[in-house]
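Presented sequentially are two complexes of subunit A, the first with subunit B as partner and the second with subunit C.
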Partner chain A sequence: MFVEVAPPTQLAPAPPPSAGAGTPGPSHARRSAGSLARMLGRGVIPYLYLAPALGMLVVWIYRPLVQTANYSFYSWNLSPDQPAIPQGWHNYHRLFTLPEAGNSVLRTVAMIALLLPFTIIIPIIVGLLTAEVRGRARTVYQALIFAPFLVAPVASAAVWQWMLTPGSGIVNRATGLKTNWLHERLPALLSITGIAGWQMLGFAVLVVSAGLASINGDYSEAASVDGASRWQSTRWLTLPLLSPTLVFLVLTTVLLAGTWTFPLIDTLTQGGPVSATTNIYYLLWQYGFKSFDAGFAAAAGVIFFFGFTLVAAFLVWLSDRLTFHDN
Partner chain B sequence: MSRITVENVTRRYGGAKAVDGVSLDIADGEFLVLLGPSGCGKSTLLRAIAGLLAPSEGRILVDGRDVTDIPARGRDLAMVFQSYALYPHLTVARNIGFPLRARRVRRADVRRRVAEVAEILDLSALLDRRPRELSGGQRQRVALGRALVRDPGAFLMDEPLSNLDAQLRTATRTEITELHRRLGRTFIYVTHDQVEAMTMATRVAVLNRGRLEQIGSPTEVYDQPASAFVAAFLGSPPMNLLDAELVTRDGQLHAVAPQVDVPLGIRVAAAGAPRDGGDPAAGRAIQLGIRPEHLLVTSATGGTGSTDSTDSGSAHETGPAVLRGTIRTVENLGSEEIAHCVIGATEVRVRARRPAGLTAGDAIALSARPEHTHLFDRDSGRRLVWQSDQPVSVPPARVPVTT
Partner chain C sequence: MALAIEGPTAEQAVLEPVAAIAAADGDDIPGGRSRVMTVVGHVTLALLGLACVFPIYWMYATSLRRPDDVYKTSVLPWPLSVGSYRDALDELDLARLLLNTTMVAALTALGQLLTSILAAYAFAVWNFPLKRLLYLAFVGTWLVPFQVTMLPNYVLLHQLGLLNTLTGVIVPNLVSALGVLLLRQHFDSFPKELLEAARIDGRSSWSTLWTVVVPNLRAALSALAILLFVNAWNEYFWPAMVLQRDNSVLQLGINSFLNSTEVEAWGPLTAAAGLACLPIFALYLALQRQVINGFVRSGLR
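And then the complex of A and B:
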């Protein structure tokens, strides 16, 4: 007679290891009040570690944000002994009807557009050209390009002011131009963005170099065996694979253009001539801290907060779309 | 159509030589496997052939044309990378079509050719996916497809199966062999897996520390390893190597070591008639090699040890036991078992069909046919071949010839 060999039952106890291995202890029975407290503590401790950072975030970021939104509905001149008068949507109405605001938005867009070559195009070219450089030469090279980023904007503004002086300035002497760089409308805009771009170039080159270095070298080798020329492999592989990095740089440029240009505008042109270099950040600052129109500045701040949130969300979404995780 | 010639290629990294004076002549249509342990320079050699790195010395010729200074894209070779290097942002169709696109082939032709290749490799349903949406085996096939699509002169493959699981590896192995048979192109295939080498190659080139140890058909490389390294690299378990001395007894050469006395089946002048002061090969330091499957168990007893009477009792035509020792452990491989025996100072593995009745702790006596013994010089590691071009009565060549 045949007898079927039974399959191993699921709960079949494993043969006990030779010696020394402990049997599972009666852990349930042993769980005492003390260990319960310990469990609770275990749940709380991570939050205690997080608390300082969270606290800072709330105090320095979210509270001002909420206050700003609040002030945007009041008329107030920032002095503590003056009452803030409720205004409803009046500040927002002014913001959207004031021609100055619209113009400054356009100028902001122009500044961002003029900065992009410095943060995208030149870094790509420099990054591709220096990708082959290895060892110490590479470090020296990157240090040279990165150096302007480390100079305080106000200091560099002072140096550039001296270099751009009409007549005796080194720029005009070298180019033979008679341009008054900081006091004519278009040249002033170009100067501000040029100086900001010069400062940010090193940072962008570093980001692009890091992006290029993170692309697996196998791809370009495979492409060369597949018969692609260098230009083809750059266009079809390197640039698409670099695109998340480039989107990051666009995002940085869009969001930080105001921050980068602000000290330069304030030291070199004060928004002039005839508001030619007044971007929205500078306008906001002027309203808030020159005209002491805190409510209006707050309303502008709120609008731009949402505007930039949208732009940033779009770019982050784009960056996610463009990221191809290999393996 | 490509014959590939590697002439004395050396590649240095700093002072170290990753590839050291390798010469190969790979005929059109051959399937050459570059075999060797990790770090022996296989990839380096393959990449030099592909044009991805320049040799420090030597030349590489494709169909007699010196391509040493021609970049990879000018060589008309296709390569499958170990990582597959599929372009992650392109679909399967675009990946496969890439080499054609780079050559500015018309779109319609690219599409037609990609469809053909996808058909062959069973990828038609996956053409719109991206590499990350594929399984390992599918990625491997896409990499193969990218190589196939433009009908190159030769295919270079760097461990293309190493990322697949055992079952898929076996299946793909057969597929690649089939592909080679159908295309009739030259294949150069890098692996450290001897099974791949034995099953796929028309010729195997064994590399060790950047040097070529042996090149020959899988059978040659396995049956007549040119060096102790090749002997110890091929086979699982690999060939047993024992340090021994050569001794002449009754006109026969024997390899002798503690608990080892193996007749080699080589007749020399009678020991009683030394013409010039002794037997020709005596005392030469050698390594004796015997494959585990060529060792025959003449007796295995749980007693204190085998005696001569048990030996004569077992009716093996191979004669008396030649190696004696103790079984240390026995591994069960299912169809066979491998006994690890301690013989003198060395461990010897014996492969026997199950059930062989071998038990750890037993004494064991083993024998081997003379034609299954291999001799290697202990210093150089090269194979020793007996040259018997002279009549046996005349003292033969004093020193065995090194191949």
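And then the complex of A and C:
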């Protein structure tokens, strides 16, 4: 842009590096074979910088993705000396007829729904309340709420297992309940999502605070001059302006729910009791590494990937529409 | 998140105004600030904050009780005792686990930082064919859950003979799409005049990167480095898969301890868990601002 505006003197500034190797220099009339080779050489440079990261990406993400798609048409138990037997669409057929798979999808949806209060509702309330508090206290509150996010999932599993132990755990002793939190079906599901929510809350609060801080105060000021109440200005200005941030948090919750809950499920319940906490991620893991049914796990992974892409595309579309409010 | 970063949508809300959190302290709240709301704010936030740290407190409190007092519910663990820590050290080779975990986390974070710097530099400075597509390749990694790629990666690690080795934990994680996306934001906003000046001075792009760009973005790079280190430290899934027979990092050590003890040894267990979190908490207390910035800017994980 800078180059275009500058007058075309003899000493025209060279194109900034961002204009790239593809842009012909001012002296293209005199371009010799040597400088052409140099141009080509320069064209390679960005790819050289990209090579290490892209190479890793290809080897560890996209190659396995393709290979998973391939495995999904075979029956194979992961053992090197066992041949993989072609199965056609059989794995997919099993996937869609097996009640276990459908149930685990439902449980995943339930877990995501139970996580949303922790990643959306409480953070909004906390974010709005933090705006009322000033100074040092505010930093302290944020630090306290953020701290659980840094606890390693396995460590939090350990301490929660202790706190939820029936009889001697602090939760039951404080509340007087007799619930066996990790060994009854509904309480186990609630515990897993509750612990994951406890860990993610601080992160979501920070994201919402950042979103709130970015909203231009002029709007609310104008509204209050016009006589809008505090609630009206929150409801009709702040929340709509915050909506892209909230969509972002929903997307994060949906995409990462499995990553957050997996270590807790694996350490605390192993998917039980009676697979009450087996979500789709854990089911994939069990089929892959417990029953060594690689083809089936791969088919589930492929379906899963497409499902994710659809949900993400929808949320990105939604987020684009919502940003219409902002200018 | 990753996808939102493409458009000027959530990213603006999420990524840019991080510094504004603190800056907003001085802002007036439109609509007037009522005393009642301030009190409600203080009380609610204080209660929530205490509720959030209580499990962490309880972990350290239990670990510091005398082994006979573990089942007591007094808020203060008095008299103090390091007996649980001694038991935990007998049970687990904590020194080795700490060393291994530190090594894995540091090398992973360093490798990710390096590949991210190089890739982000390429994206920020040059225009080249397929740029958008290649950038999308990084963004798209968020759509590929770990569980989808684990089987082929496991097979490849087996073929490379890296199963049950720490190298096998580190190598597949040497790229962080998150790091690339974040650093690209910073590199994009780097003054182009400086790059141009370095070019006119006759510096190569390589030396410009290390003598001009990197020193000027130290704050952002250290925030990212901390973020990557904490993520690698707390990682569970991948090490669990690679190190199936050898619980040689902290997270796996605690897990095996958690599942192995027949008698519920809460004291030693909380001591081990507490020790595993200690380095991260120390990092947090020392570099609170950078840690928070790193995480919020990431808008992820």
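By definition in this document, the second predicted complex is superposed on the first by the 286 of 327 C-alpha atoms of A that agree within 3 Å, B and C clash if a C-alpha of one lies under 4 Å from a C-alpha of the other, contacts with A are read in each partner's own complex, and residues count from 1 in each chain.
Quick note on the criterion: contacts are C-beta pairs under 8 Å (C-beta built on N, C-alpha and C of every residue); 3 or more make two chains touch, one makes a residue touch a chain.
From a predicted model like this one, the values you see are computed outputs, not experimental measurements.
In the superposed model, A:Glu221 lies in contact with both subunit B and subunit C. In the superposition on chain A, contact of A:Ser229 is made with both subunit B and subunit C. When both complexes are overlaid on chain A, the residue A:Pro240 reaches subunit B alone and has no touch with subunit C. In the superposition on chain A, A:Thr175 makes contact with neither subunit B nor subunit C. When the shared chain is aligned, subunit C comes close enough to touch A:Ala53, but subunit B does not.
Of the two partner chains placed by superposition, only subunit C is touched by A:Gly301; subunit B is not.
Once chain A of one complex is fitted onto chain A of the other, the partner contacts of A:Ser156 are limited to subunit C, with no touch recorded for subunit B.
Shared-chain residue A:Thr259: touches subunit C; no touch with subunit B. A simple residue count on subunit A separates subunit B from subunit C, and the partner touching more is C. For the contact definition in use here, the residues of subunit A common to its subunit B contact set and its subunit C contact set are 219, 221, 223-224, 228-229, 326.
Contact residues of subunit C toward subunit A in the complex are 1, 3-4, 6-10, 12-14, 16-18, 20-25, 27-34, 37-38, 40-42, 44-46, 48-50, 52-53, 55-56, 58-59, 62, 71, 73, 114-116, 118-119, 121-129, 131, 134, 137-138, 141-156, 158, 172-175, 177, 180, 192, 195-196, 199-200, 205, 230, 233-234, 236-237, 240-241, 250-252, 254-255, 258-259, 264, 266, 269-270, 272-274, 276-277, 280-281, 284, 288, 291-292, 295-296, 299-301. Those residues of subunit A whose C-beta lies close enough to touch subunit B in the complex are 216, 218-219, 221-229, 232, 236-237, 240-241, 324-327. Listing the residues of subunit B that touch subunit A in their complex gives 50-52, 71-73, 77-79, 81, 83, 85, 87-89, 98-99, 101-103, 130-132, 146, 150, 156.
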